[in-house]
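One structure coming up, written as structure tokens, with questions to follow.
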Amino acid sequence: MIIEGEFHVTASIQQTWDFLTNIQKVASCVPSFEKVEVFDDKNFTITVSQKVGPFSATFETQTNFTEVTPPTRLVAFGKGKDTKMGSSFELTNQMDLIGVSEKETLVKYKADVKINGRLASVGQSLIKIVAKREVAQVIKLIQEKIGGQLSGKV
Amino acid sequence: MERFELLEPNSLDEAFRLLSEYGDEARVYAGGTALVKLMKKRLVHPSYLVNIKGLKGLHYIREDEEGLKIGALATLREIETSPLVRQRLKVVGEMVHTIGSVQIRNVGTLAGNLCFADPASDPAPILIALGANLKIASSEGERILPVEKFFTDFYETALSQGEILEEIQIPFLPKDSGAVYLKHTMRVAFDLAVVGAAVKLDVNAKDDVCMSSKIVLGGVASTPVRVKKAEELLKGKVINDTLITKVAMAASTEVDPIQDVRASAEYRREMIEVFVERGLQKALERAKGGVL
Amino acid sequence: MKRQLELKVNGEDYSLTVEPHRTLLEVIRNDLGLTGTKLGCGGGECGACTVILDGKAVKSCLMLALDARGKEIWTIEGLSRVGDLHPLQRAFVERGAIQCGFCTPGMIMASKALLDENPHPSEQEIKDALAGNLCRCTGYVKILEAVLSMAKPD
Amino acid sequence: MADEYSVIGKRLPRIDAMEKVTGTAKYLGDLTIPGMLYGKILRSPYAHAKILRVDTSKAERLQGVRGVVTGRDTKGIRLCVIPHLANKPPLAEEKVRFIGDEIAAVAADSEEIAEEALDLIEVEYEELPGVFDPFEAMKADAVKIHEGGNTAIHISRSYGDVEKAFGESDHIFEDRFETQAQPHCCMEPHGCIVHLDRSGSLTVWVTTQIPHPYRKMLADVLGMPLSKVRVIKVYMGGGFGGRFEMDPMEIIAYFLSKKTGRPIRIINTQDEQFTTGRTRYPMVIDIKTGVKKDGALLAREVKVVTDNGAYNSHGITITMGVGTKCTYLWGLPNVKYEADVVFTNKVYGGAFRGYGNPQITFAIESQMDMIAEKLGMDVKDLSLKNANYEGQLTCMGHKITSCGLKDCIDQAAEAVGWKEKRRKPGNRGVGMASLMHTGGGVRLLFGDCNLSDVFIKMNNDGTIDLASGMAEIGQGSDTALAQIAAEELGISIKDVNVITGDTWTTPQCLGAWGSREVFVAGNAVKMAAGEIRRKLFEEASRMLEARVDDLVAKERKVYVKGNPEKFVSIAQVATTCYNRGRILAGRGCYDDPTTYIPDSKTGYGGVPTYAFGTHAIEVEVDRKTGRVKVLNFVAAHDVGKVINPMMAEGQIEGGGLQGLGYALSEGLVWEEGIVLNPNFQDYRIFYINDVPRMKSVMVESIDPDGPYGAKGLGEPGLVPTAAAIANAIYDAVGVRIKSLPITPEKILRALKEKE
């Protein structure tokens, strides 16, 4: 499933880049985020946990930046498994940053989300809606935090 | 199925205690038809089931001056075949008849159906349209919540940890009111609604003027949806075919329907229009004909 | 942890211990050896596991065995003695309502529950009562005729 | 006319009805073998991936796990019902090719432990791009699913002069039709118990339609002597073609048994059955037909693309068969056929009741309705004009030995009320469609033969034991064979004990497929029983002091023709025979008399007889929702001679149900190779509420070679249904839906476009 779109942040391209490559900061924008373990500036394990009604899944996702072109392109690949749900999760996320002005950056993203295993056959439509909703939340938080950070509110 | 512990409280208080003690690891078990199915598919893994079937005090269908009171343990089949329901609120029995199969209805409960909060739940739309309330109990006491406020997301409800849905309270239809639930499925029986449309109309019998209305749709979004803009169009107007067509069209544009293996979003939108139209016609007919 | 389970099946008392996660179907088939009740889809959709519990048709694959504590259960094996069919069974035999036979026990138990409750059901009432039982062989025509023949004895 | 038969043509209950109705009949899941372990299979979550590593060590250490196998154990083995096309490894070696592809398996003390162990197996994959559409897969740059490329076969044949005939046609019709993947949805999921005992003997209890060919396949794959392999088919919850091959699970169970020395049971869950079981092949069919003004069909060109799925099964032979099937209905003189069978990363298809015919008949008969409209003819008249007839030779040289098609058309139309209901305003409509199909199997699927061998012995009391390699799969073949034996011997069906299903106690037979049971095995029974009757009559002629030629066997007696007082009971004759040291045994081996020799370009065998039929269906369409209600369903079938009307009706009604599902609601839905509807909630086969009381009409054309004139009826019941429904919908609301299933959404879309 591909989720793509774009959003604006009120920050320069460099500031945006710095934020987006800071795992701790980005992780704090993911509502389903539980914990992150950073190995180096390109490799880390992020644990996300999603719950929808009686269904819940926790994916310990090994993630790495596969393409880093400061300050314009960042590609991350993550792969996780929830043994209890017999399901795995894969995410490739590409972000292209375009400076609109000194104070504004356009971020184009394209995320390819794959869920395999038991979960997949049960609720493709549910997964889709949840994933899209999650992405919208992440963007909202990123926008708020970058903006807030610059205005000194956070 | 994976192993779990079955906890069997003898009182509601004990049930509350168990639910708070085990938190996320516990689930309430009553009819169990939906839960056991998911557990067998290893999609849900509760460590504890709090079986409330022993709480016989929750097993009833009765009436008071306001309406029907249905206990958490009343099975769907009991509601469907209840003479009381048939005489006082026929539309509820009709709706229940469309759920699952006889075998499922013999075991499943109305409360369980609501708590499972499947977006395609059949009871949800009509209960909202009828203005039903839920009596929710916990160790803190009781609270009354309109069914309309109960569903918060796909399979999510307003129940907090430690709370149990104790009773469903459905007001009787006032005079000159009509209600109907129409379910559009791809198969006659044992199918989930592509669109479930519940309509309740209060009319002035003399001139067919709509006093108030509720139109609620199931199966089209993450929760049941009340199409208030469409309802608004009816208020104070004479209900005729032109108005019905207009309202139905408004309803179909008021929702952003989901797409799934049962139907596309576009088809759902079209069916909303069709079934709201048919629902309004039928509800009007019932309001005028005095069908409860 | 195993629990005590007392139940009456086909008129006989049983006392056994079962774990809470066992379904009624598993206990009937594996512990009691009554394999006439079938495991089809396992998800409550096909109806092959239908038994009568305290007079009502239920899908035993979706019911915990412990829910049958103190209850009276009838399975297909309880309908007849050697060489002496229940009239409903005879109707199925004589009207050709059986092909592969896998759905037959469930169909008969669902029909029996109906007829016990409503000895003269209409065609529509029969269809409603059997709408939880799948048959892939017969096209239902002869099943309907067999049950109808019980509703209106020739 | 007094009925000449005592048992044939009678509405007799099935001989296994008592066992089935009392819950006594044992199906695979009802068996327990001492020491039995439970097997579970780890399946690929990816549609297309390389397997880099499989680590089973944690699973092996789990308490209660007795054995684990992987592709290393089954290395080199490739499966397919057609051996030279075999490309399915029982357990993946380097690659997985669809979601559900088998990777490893566990045998444990319980199903739960086995399931838990599967979660402990670590597999590392390198995901490859998947290809899910056969047209995409055929492109030159498409990712290769198998080393040889994605086209399993290209087929090209031509009969007559198609180009010339198109030139002579007044009208040419060109249309594309699409069909879907329909799983068999047997009520009993597929399963097996496999035991390789410590003496080296292999016993396999399995849900198979073909015990003997299955045994041969198994022995070949495992390199075992046939005598060491025993295949037992127990009662089976439906077949419909879905069990017309070996499933990887049985080989997996074999290796688990080899590892543990214990019997291994594997039964599919519902989810596994839907996501990894066989289906009817989806096809895209381009059909071009040339017609004269008067309705004479001159030429047909058909192009088919078959979605083969990830591995070979019956896909190639079915697609070849479609090439034959598109020549014979309406007996076209000039036919050209091109087809590609293409691999995709989806579950693979298999044989399913009709073997390609429901697909091509949907196309042919939908188009026939369109042709009739264009020519201003009633499709009934167009069909009658072109109807096949006895003695006709098809363009492939197949001879039609008996044909009741015209009667089927007339009687179906009459029963549905064609004249009164066709082309009437409103939301109701009637449609018809016809079919032609083999009525007795086919040669060349398992060697150049189409045979069935039967042994019968009569006991001292005049009862018989009948052993046949045929497989009773619910269709009623045991009962039909019993009726034939009883008729021949003048005994009651109650006197017949039919032994089938066990390859150690039954003689060779190719099994239950191709509507061949009654025609082929029935003829063999007739021969075997005939041999016993001769022996009985020899003895009886001595006892009654009458000529053998004057004797008749009826009602458990042998009597002298015209003198029913003069008789001996069959029990008396049998007892006398045995007392005199004479054995009452008979054998009948029947191989069909097809003289047709397939040419090299088809590789497809001829068939001994053809069955025909016409479905006429009335529907009502809700123009607002697109929902179709089937009001009347008439199925007229030429069955040669009815052996048992009740069971023949059952075949037709059951076929009709599957046909209605095929037409209106069934079909797997995929997204990126994931099946989205793997259960009966979302995969909608019909319940009792959805179907009308179907009416069957029997046309008895009396085939010269069939037993008592009978022909097969197993498959035809669903072949024309989808087209009849499509035609009825067109008659009702004027929209032509050319892809199956005809969902409400498709109808509504077409109605809106028409506005």
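Order of writing sets the chain letters: A, B, C and D. Residues in each chain are counted from 1.
Assume a residue touches a chain if its C-beta (ideal position, glycine included) is under 8 Å from a C-beta of that chain, and two chains touch if they have at least 3 such contacts.
Owing to the predicted nature of the structure, the values given are computational and were not obtained by experimental measurement.
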Contact-richer chain pair (by C-beta pairs counted) among B-D and A-D: B-D
Longest centre-to-centre distance from subunit C, chain (CA-based): A
Euclidean distance of C-alpha centroids - subunit B vs subunit D, Å: 44
Distance between the centres, which are taken as Cα means, of subunit D and subunit A, whole angstrom: 51
Mean-CA-position distance for subunit C and subunit B (Å): 29
For subunit A, residues contacting two or more additional chains: 84, 86, 124
For subunit C, residues contacting two or more additional chains: 42-43, 45, 127-128, 131-133
Set of subunit B residues in contact with two or more other chains: 1-2, 41-42, 188-190, 261
Chains that touch, pairwise: A-B, A-D, B-C, B-D, C-D
Residues of subunit A that touch subunit B when the two form their complex: 52-55, 84-86, 118-119, 122, 124-126, 129-130
In the complex, subunit D residues that touch subunit A: 45-46, 99, 118-119, 127, 271, 275, 671-672, 674-676, 678
Residues of subunit B defined as touching subunit A within the complex: 27, 35, 38, 41-45, 116-117, 153-156, 222, 258-261
Contacting residues of subunit B [partner subunit C, same complex]: 1-6, 29, 32-33, 36-37, 39-41, 49, 51, 53, 77, 97, 100-104, 106-107, 188-190
Subunit C-facing residues of subunit D, complex: 11, 13-14, 16-27, 29-30, 184-189, 235-240, 269-270, 473-476, 646-647, 649-650, 652-658, 679-681, 685, 687-689, 691, 693-694
